């Protein structure tokens, strides 16, 4: 790097008001997409989280499964069917999902964080019954009629028990959460990680929910970069879903933001995880990045 | 059950001195073998641990992998080679072992405990760097010469970081530990669960280490039930290994006990996990069961 | 004892839900009657209380005076007159009652408990002004007219100061209370121990009040064992006093239960102290024993 | 009173260095003799103790039995024999002593203190096993030979368990102790209150032991008031016992002081309890009063 | 001094109810006037405050500037103009006032207190932003019209931040406050010390505000000593200001009392600081001194 | 500023290891020289300290007097004499020094810090007797003979009482210390601020002492910029003072560093306060700046 010393100092000083503002605040980060696959991006996300911890924030990580689950199902010769974009999940499938999420992806993130000098602890929704879940029914359009279909062990969050999170946060650990929930009958559910992050942020009354995605944010017109939107109110977001401006894969992201705000989160952000150090840039610089959805 | 009320009371009163003695004491339980496979036995082990917790003990569980790892390796078409009884463990193998141990067996024990009214939290050796590990070399006898052989990601415990255990125990959680360690380069190691339990009990200066096994205990002469041994001192145990009285699969069990006593545990017990409620019987009744190895 | 090991375990496991339920809960025990006179029963009551303490309950004992006061009054040649079943209590009489209750019965219970491995502390109502009292007037029926008569230093509870109880309970002591109250002018009052226990249970918002008596419980028809009543609501109990089903010595017991429920206790129980280990059987087994009066 | 306002202020200011010095310090007071019999003196002792508490000291009271025990024994027609000045104490006698000490004298002191605005709690040596005791043998001189004689339940202090005292002191209670000890077999012992006070002061490492007596202090020549001694070292005191200068009833007082210093007390004082407010004068004024025995 | 020992004891005992009453209570003392100039009086005020601290009160000192500011302004050749009795205060003047108050008077009081065995800490309104201030406008009567005039850096209290006071009081320090406030733009304001004391007492919900003045208290008729007033209600005080009975320099003292009561103080007192030990006499004796203004 | 977002992130990430290292560590900063006079530099020092606080360090500030004391002495017409470079300090002089240091410079730094969002509290050595001092004698060379000369109220640190510092640091305040000490007789001493900072850093066992000066650091040859020294051991520093390489105004700076290391500080640094953000650059960047003196 070829910065002058004084320039470096300026950057640090510029970060000061953000450090002050977020001191002691809880920040929930949904970690997924490219930022979880590309090793270089992965290292930078880890650095960003460690920095957030050391300047006094209370980061909580929720991760998704990436392509690992699919790959593993293939490995054991399990074919997968999808209904309305959701994987039909029988008992064997949810078990493999749980093994991949809890026993591979979660442990890897935890050990990367610990290797960088913080104290991280991996959790699934089963630990201290963190995530109580119930069956999620898929909605299918058939001949113009909406019908709910049982697709197995795909779940919705019923309740977040924040006790274990607060106990760990108060003792300076970083909780890393795999999106597996537990049902009344002790059965496992695979849950969309964006929604888990949204509910966790809400239950903790987090200052911010940061969703790392593989897009830059929301555009009024996807083909015209100049229509990028920095801030959306809840109402605007709802309207844009309704009129189709927000569509496709963007819908669940925005819905997760809306749900999180309702449940108690302060602000929510859709951020481009493909940009190196996007977390730091969002949190520590005046420009911010991505699209925020706010009350 | 057809006990008279007064008989029930007698049993409870008989347990009183044991409850007093173990109040506030840490008990490390190695959970494995038949007690982990048979659903009825499993339910009884869970009840026993919950009872121990509710009468004021601080139980810590370390579990093994049972036949699940082998079965899963078979499922993905991975063939396994053994050297001196240890599985040759390449990177794919250790990853599958980790997935099975952390993402399947551990989460199941945790959710069974929680379902029974306590607060359990699953840990692997990566959480807060609980188990720092190093490579374990297999010893082979070749033409009368002992040679050490690299069999991959099979590990020895290098250090137990008790901080996360004490933090959880002090807040009334039951830690459930999968025997995966983490090396200097952040690589995973599969470690013998008996040894992990032994080291954890030592590092916590536990009152007792209880190894649930598939045998009744140690016999001076395996074929003569009347030679059953209730108590062994460290010295006697060492002598009996040396003179071959203790042999085969019994050696690592006894060595785990010896190591645990050295590292700081108070007493160690080899218990028959096939006997229903063997934990309760060992801890709460005057007879005790199995063989204890003591200082 | 000739139980099989497994049977013993079953009894302990059967107790588990009760242990869970009462963990950390306050249980007030009125100790009196045969259970205080018969040495064998006494030993069993002490064991029961110690067991309750060790499985995490917070027992509080209130004891009566048994025949010791009468015997001592006789010894000093003091004749006693009774009005409506209450002892006319002049200054010398209340002093002797206090000496017997505080200096003999209380110290004996305290030292028996301590001898069995818990930490008990004796209290009278004067300690930290635990029981503020006022004069109780006896009611006499004379020529069909009810008249209130001053019978000296017989008292009613005016206020329970729970501070010293909570301070001792929080530091793991078992408080043992003699039913002596202190009046505005610092004078002593002898108070019915059932009522003291009822008020203490109410003021502490205890989970349970257990009255050890010399009867099995309440019968609809005292001569027909088949009419035994396990549960009474407050309303039913009041009706049965009104219609005379509950009569004689049973009235003050039931009134103590009713008063305790009003004052804040959770449940109240009239238990047969002549049955060995009746406390344990009531608290730790599904059958329960005696008659409960509940809201 | 006819002081000028300014004179009053001077007295208060004069007390300041003593208040500073004793802030947070433990002071053990042996309360006995005339100060316990005369109602006016009694009221002043209570005021003095309350003042000590309010200016930040931690007073602990140990009381004797005065003539009440003798009077009560007479009442029940029990004749008493003395050996070497010690009462031969059979089981009935020790029970009456306990009843008088714990159930009459102790409760009276406790309620007087509470009536004056502090929080006092009465204790006997049985509470939380405060005073573990063993049999004290009387020494008789027979034909020039010393012989030890069993005189029953007269005890020596074997161990003071300070836990209950510290727990109460830390929560701002004043402990008031009756000199009854408990033996290995749970039997009661009557113990000399001066010795109990001495051992309690030692075990608590009290700043001061104050023995209220019915004499002014120690004289070199009892008939010559000008030979009054203000300060004695341990060595001087031992010499004066040896050469007979200290004799008769003075010996046990001085021996209690010597024992207390050995056991850990800071300073010990023999004070004239017949002088009104002698405690205040000793503690809060430069003159002090009585004789101190110091290291 | 020639008191008899017993008389001394009486004075101490007489103080007991006052010591009890004020135990743990916060007392705010405005220290000014002759008591701050005369060295002998000063020593006695310090002793009084130390005594208050040692008997368990929480004293807080607010001091004025006395003639030191005027003297120092003269020294640097700065002439001062007064408007309606208030010093016109330019930037140089407020800086000198701050230097005198914080760097001379405050440090001297602090070191006198520490020298007498307590732990005092000096504060100005700038420390932890204790006193937020705003400009005070002087009111002038010109041709029968009231006009507000800007006289520079003379301030009113806008807000007292009690956090630093409570933090220090809880750790047994005595806060000593110089009446300098800080404005929105970080500028200094000189504030009347009576008003600062009044606001501090209100914000702390102090038990008492004691204003040390150079008068004996309030008279109905200043020329007739027999018209001295011991107690005034708020309403009476307001009426007497309105009807001119309270006039001149007495008005701001009484207004400070009224403001303090409104803001949360329990009682307020105008005391003659010229009388030695007037604080002790007010607080520890039944007579009290001076005039109290109460709700 | 025209950095790219990613460059900014790099600077922040580069700071991470330093933030980690100093987390929870105490850093003592001697604030003086140009950095205290130039308003722009002053603002940057304040920003740097606030940043240090927000990333988890425990900064403690000790300030000097700059030219303000001299200016104020001139203002009041006080002429000053110097002996061996030290101001002859009579009572009036030390009083003016104290007023300037405590009542002007200290309050200004405190209010600037508070204005930037932290909680700062000003202290002089008199607060809670933080700095106990004794007279410093000047050393004069007269006719080849060293003679010690009394130059009045110039002091040396005798003892630092860290209690008030730790109490404030533990409650998240930044202590700001004026270099005034208090003598046995309660007299004030003006002390060299470098030495005060050195002793404070030693007594607190601070991680670092940072001396802000008006030079870049130490050169082996002052005229040759290439001889700049980054690190000196204690021994090297002592040798260079002895052989004259370190001379003039540099000697007391280096001696302060040596004294601080002896007294318990971890590392010491002589830093160029004229360089903007020199504190940040020293603490948060790999290059560091200035000269460090280490063990």
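For reference, chains read A, B, C, D, E and F in written order, and residue numbers begin at 1 within each chain.
Keep this in mind: a contact is a pair of C-beta atoms (placed from the backbone, for glycine too) under 8 Å apart; a residue touches a chain by one contact, two chains touch by 3 or more.
For reference, the UniProt names are A, B, C, D, E, F = Acetylglutamate kinase.
Since we're looking at a predicted model, the values are computed, not measured.
S.K.: Over the chains that touch one another, what is the least number of steps taking chain A to chain E?
M.R.: Steps on the shortest route: 2.
S.K.: Using the contact definition given at the top, which chains are in touch with both chain A and chain C?
M.R.: B
S.K.: Only C-alpha atoms count here: how many degrees separate chain B from chain C in terms of the superposing rotation, rounded to the nearest 5?
M.R.: The C-alpha superposition of chain B onto chain C needs 180 degrees.
S.K.: Comparing centres built from CA atoms, which chain ends up most distant from chain E?
M.R.: Taking each chain's C-alpha mean as its centre, the farthest from chain E is B.
S.K.: Measuring between Cα centroids, which chain is at the maximum distance from chain D?
M.R.: A
S.K.: Express in whole angstrom the distance between the two chain centres, defined as the mean CA positions of chain C and chain D.
M.R.: Here the centre of chain D sits 36 Å away from the centre of chain C.
S.K.: Rounded to the nearest whole Å, what is the centre-to-centre distance of chain C and chain F, using the mean of the C-alpha atoms as each centre?
M.R.: So the centroids are 71 Å from each other.
S.K.: Quick one: chain D and chain E, Cα centre-to-centre, how many Å?
M.R.: Roughly 47 Å, centre to centre.
S.K.: Which positions in chain B touch two or more other chains at once?
M.R.: In chain B, no residue touches two or more other chains.
S.K.: Considering only which chains touch which, label the overall pattern as line, ring, star, complete or other.
M.R.: Topology of the interface graph: a ring, with each chain touching two neighbours.
S.K.: Help me check something: in the complex, which residues belonging to chain C touch chain D?
M.R.: The touching residues are 75-76, 95, 98-104, 106-107, 110-112, 114-115, 119-124, 126-129, 163-164, 167, 171, 173, 180, 182, 186, 188.
S.K.: Would you mind writing out the residues of chain F in touch with chain A in their complex?
M.R.: Interface residues on chain F, with respect to chain A: 1, 3, 5-16, 19-20, 23, 44, 47-48, 50-51, 54-56, 117, 275-277, 280-281, 284-285, 287, 289.
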